[in-house]
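You will see two complexes here that share chain A, one where it goes with chain B and one where it goes with chain C.
What follows is the complex of A and B.
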């Protein structure tokens, strides 16, 4: 029950809550809903121009216009990005968390260093990798030269996107690892002792004790990285600007609305809606399976 | 877990290899920043021939970093403070159920993660309010009570005893006074992590300033650094200094606050 009095005193929590609610309605939820609306219009960013409802025309444009090959390719790339990032980032993060959790000396240092790129941010991390992958004699090029080959790296149509995936994983591996570490540290050690008595050690202990016990951190990590990966595009903006076959759905929304010379709000909103359906479906399927796994343990 | 000497050695080897993937790039960055342009062009990978701290002064002036730094501090400071305050406004009544439909509001805030991208109408709105290219408009956009701080606070407040509310109310303490004089001091650890994670997000934003702030006089340091990169694309020693200038305050802050950050990432592991 509300303890802070009756009558006028009852209004205070509503009054204070109304500030975040109004802000969210005005700047978050509201605009989100308008995106749905915009996707059925021919709205542009040109000042003073009126807009009309045009039904599903933006959606048909997405799939059938002359440049829709690129747009459809960006769907595939988003999926590729998400799968690669989710699988590798979490696998490496979990592996490193297990290693560090073995009471290695200097664990605080390792944790801090692996988390550092998150603190540095996309711009700094991106530029550091631009420097390392400088095609004109940078260390990555020197390494390739040693093996008798060379590359344009972020300017190379064949591998630019894979390199972006690498930088993304480099940036956020420490984040996943940190969450896994939290899960690992909450496992009571007598569980392992009991398991050891029953002959469970090594892989068996991992499969039957560790893995079920960290189910909640596993769920959090999976959802975070799925949603994050499908919505990320700042790393692409910093590393290639969407050139060299590196456009994803999320980047396409940005480029269609704010890219140089274009401000097609209607079409960009339709791309945003396609992205939304994508993110929502994938994360709901993931949530369903992850929750079931948590219950079964 | 019992682990033999052999597995220990293997563990250390793997961790150190991984560590070098994070430390060597930073070392290389520092090395390049200490070179002259011609030294760099002759052999980018070679070790620098000594400390050349004047490179930093040069980059600081050419990159106009004093202006950008100030903007970043303003945006990050104000929006983080406001975000924290209104996150408490939202988290407390929802965690306690002191307003009707608390669960509904909580879920309503939570789904902000899944909703269609609000970027375009947001921009149109800011534009039509006359807030495009203004510091106020950008701060407003960076201020939200539904982000990671809110989610962490709800979890934390649930662990604060409800009897404390009742005891304070019994002594005649009002709702808002309770929030600021009793609850907020109790929330210190989670506030610290909330501040840091919110501030990291605000400081590092690059897309926001790109869309909303075209005037260099209003841009934060991320955008400033990126423009600097576009301008001096071939002068990597100068660029490396610029990157380090932007990196240094964050690294120093991180060294001091690292235990809060890592702890906070765990507690607030809901949104990246």
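What follows is the complex of A and C.
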């Protein structure tokens, strides 16, 4: 009952937990609160520079200055990115999970291959795709040349952002797959047997048995990919650096704080706050609908 | 046993927390131990190699010093590193930090409301050491000291030299093969590109993926087409000139012609591959700064190449001179615990012989007088450098929170077809002017 013994030792778990809580408050929660504070100031982040409270000026700047159009476009791009990633990544992940769940020969190999990009990390994945898309003799270019056409890939306004979406999906589909697979494997096989008796097989079995049963993993996957997609910054940084209309709201936070030789921590904090509200709202709406689906089942 | 484990945990946690908050580098001040002199820099192979060799010499002269030399990519990665190290203050994360250019870009009386550049904020925040009284500053030309290293009558940096960036590297063998002379007017340049294309040679290469290398060519055109760039920039602030003026439209039109003659897929080529693209003979010309001459030479020691100012105008007199900037300015951190050694490092680098070696390794034009340049390349372009002008990016002062069509470098040819989505120069010019007007201080 009490793994740490009786008496004074009972407070042991609390003491142990207090260490990560302390670290979190110091390194996670604290800085977040400072961001809130900074978003109402004209702080530059340079030591020795004075800073003043300027009320909502940073927020007004976000919505009314010369580059507001670009900023609002980047919010739109974040949404586009999120929808594309959430739909395609989960569809592909679910499809692969179902195939692997068929107890194919060598399913372990498939699992590791599809999960590999998650382990590789963003920089390595970015490098791989940049090498593949190298316009001077890269394999992708050679393939296009074969069909009598060519492309600038990550330097092309028309497709750079879509290519980033593709790489993001490629990177994380194995992650979705793994979660779906865990869900699929928790479904008792007698459900399918009973369903088979009642004449449910193939698509019907999927719609009426599999899909409702994996509702919890569906919720987890949707939420993780929505939040992940809305916060994506790293892969954009590696592949295009935000050029060629590939800036998203999350990238904008970075660009405002560190980009182009000036640092405006006040404005960057305000952008971060707007980003927070945006991600929070979208995920809450998604959570509401996803949870309702789970309950109905 | 359990209690022991527990206290061990608490102590470890405390150490982690304290180490994160406490001041590092205490050991460095201890007399017995070695002082670590930390220098950050951007990646530029020829210069990095020289500095590494110089650091060894420095360590021999000062045996109690160990130099830690960190280099990162020259793009925004370096800007960010510089910013974080500078903001870390006295924790000893860096002692010497070079600026990519000199002290330019401070708001003028005609640019009300412009943002302060980082270096100005750093100096005003008391982060940069005042070097005015150092004897070695006298090694440098007084005019260069005034133009590049001084702010508010005090010397805050040591500038290592000038570079030209408004020209094109050209492959002499390809030019000879097709009987082409170095073009001195725009029409001649157009003809050169036509002859090359007719013979199946790719005329020009750009590092389009990084965007800014295209802007080098744009700056070449600006420098030769505008009569007075500074007057035009001042006019933008007062409303006397517009980005849609014929002179600026001419710059964009000619940029578009250059891009239409560029190698296919140039928007996917990054700046790092540009020298090897040129050195391998796949393109006849590239838009790049003089600092890459040594890199090209290393990539192909057999290659014969030269450099000429981009002739934007049809008046050869206006095309004669190269424009550029003061490159690399070393700054010592005021709160550095090793300030003394940092200054000694600069002192030694400024000694005539070391400085000469540096300039020759870097391919810079010296800011010290009587420096013997061994590079044939630099000696050959000497005539174009006699009336060296500052390039557009060194003169231009931008407005705050300005839209993407005129952000940072101010001319964004990458939005223009064939690189980008905008078909005509006029479209881009109008969008830039609209962004500029919308950013006007209220």
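FYI, the second predicted complex is superposed on the first by the 281 of 297 C-alpha atoms of A that agree within 3 Å, B and C clash if a C-alpha of one lies under 4 Å from a C-alpha of the other, contacts with A are read in each partner's own complex, and residues count from 1 in each chain.
Note that in this section a contact is a pair of C-beta atoms (placed from the backbone, for glycine too) under 8 Å apart; a residue touches a chain by one contact, two chains touch by 3 or more.
Nothing here was measured: the structure is a model prediction, and the numbers come from that model.
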| said: Is A:21 touching anything from chain B or chain C once the two structures are fitted on A? First, second, both or neither. | reply: first
| query | Does chain B (first) or chain C (second) touch A:258, or do both, or does neither? | reply | both
| query | Is A:114 contacted by the first partner chain B, the second partner chain C, both or neither? | reply | first
| Counting only touches as set out at the top, which of chain B and chain C does A:12 meet: first, second, both, neither? | both
| Once the shared chain is lined up, is A:172 touching chain B (first), chain C (second), both, or neither of them? | first
| said: Looking at A:136 after the superposition, I want to know if it touches chain B, chain C, both of them or none. Which is it: first, second, both, neither? | reply: both
| message | Tell me the contact category for A:122 with respect to chain B and chain C: first, second, both or neither. | response | first
| field | Comparison of chain B and chain C by chain A residues contacted | value | B
| query | Which partner does A:44 reach: the first (chain B), the second (chain C), both, or neither? | reply | second
| After superposition on the shared chain, which partner residues are touched by A:152: those of chain B (first), chain C (second), both, or neither? | second
| remark: Dual-contact residues of chain A, meaning touching chain B and chain C, are 4, 9, 12, 16, 19, 23, 26-27, 45, 134, 136, 258
| field | Complex contact set, residues of chain A against chain C | value | 4, 9, 12, 15-16, 19, 22-23, 26-27, 44-49, 61, 65-67, 69-70, 133-136, 141, 150-158, 241, 243-244, 258-264, 267
| field | chain A residues touching chain B - in the complex, by the definition given at the top | value | 2-5, 9, 12-14, 16-17, 19-21, 23-24, 26-36, 38, 43, 45, 96, 99-100, 102, 104, 108, 110-124, 127-132, 134, 136-139, 142, 170, 172, 175, 178-179, 181-182, 189, 192, 196, 201, 205, 217, 220-221, 224-225, 227-228, 231, 233-234, 237-238, 250, 253-254, 257-258, 265, 268-269, 272-273, 275-276, 279-280, 283
| said: Per the contact definition, I'd like the list of chain C residues that touch chain A in the complex. | reply: 2, 6, 9-10, 13, 16-17, 20, 75-76, 79-80, 83, 86-87, 89, 115-118, 121-122, 124-127, 208-209, 211, 264-269, 273, 277, 282, 399-404, 407-408, 414, 420-421, 435-436, 438-439
| Footprint of chain A on chain B - complex, ascending | 1-3, 7-8, 11-12, 14-15, 18-19, 21-23, 25-26, 28-29, 32, 43-45, 86-87, 89-90, 92-94, 98-99, 105, 108-109, 112-125, 140-141, 143-146, 150, 165-166, 168-170, 173-176, 178-179, 200, 203-204, 206-207, 210-211, 222, 225-226, 229, 236, 239-240, 243, 246-247, 250-251, 254-255, 258, 261-262, 265-266, 269-272
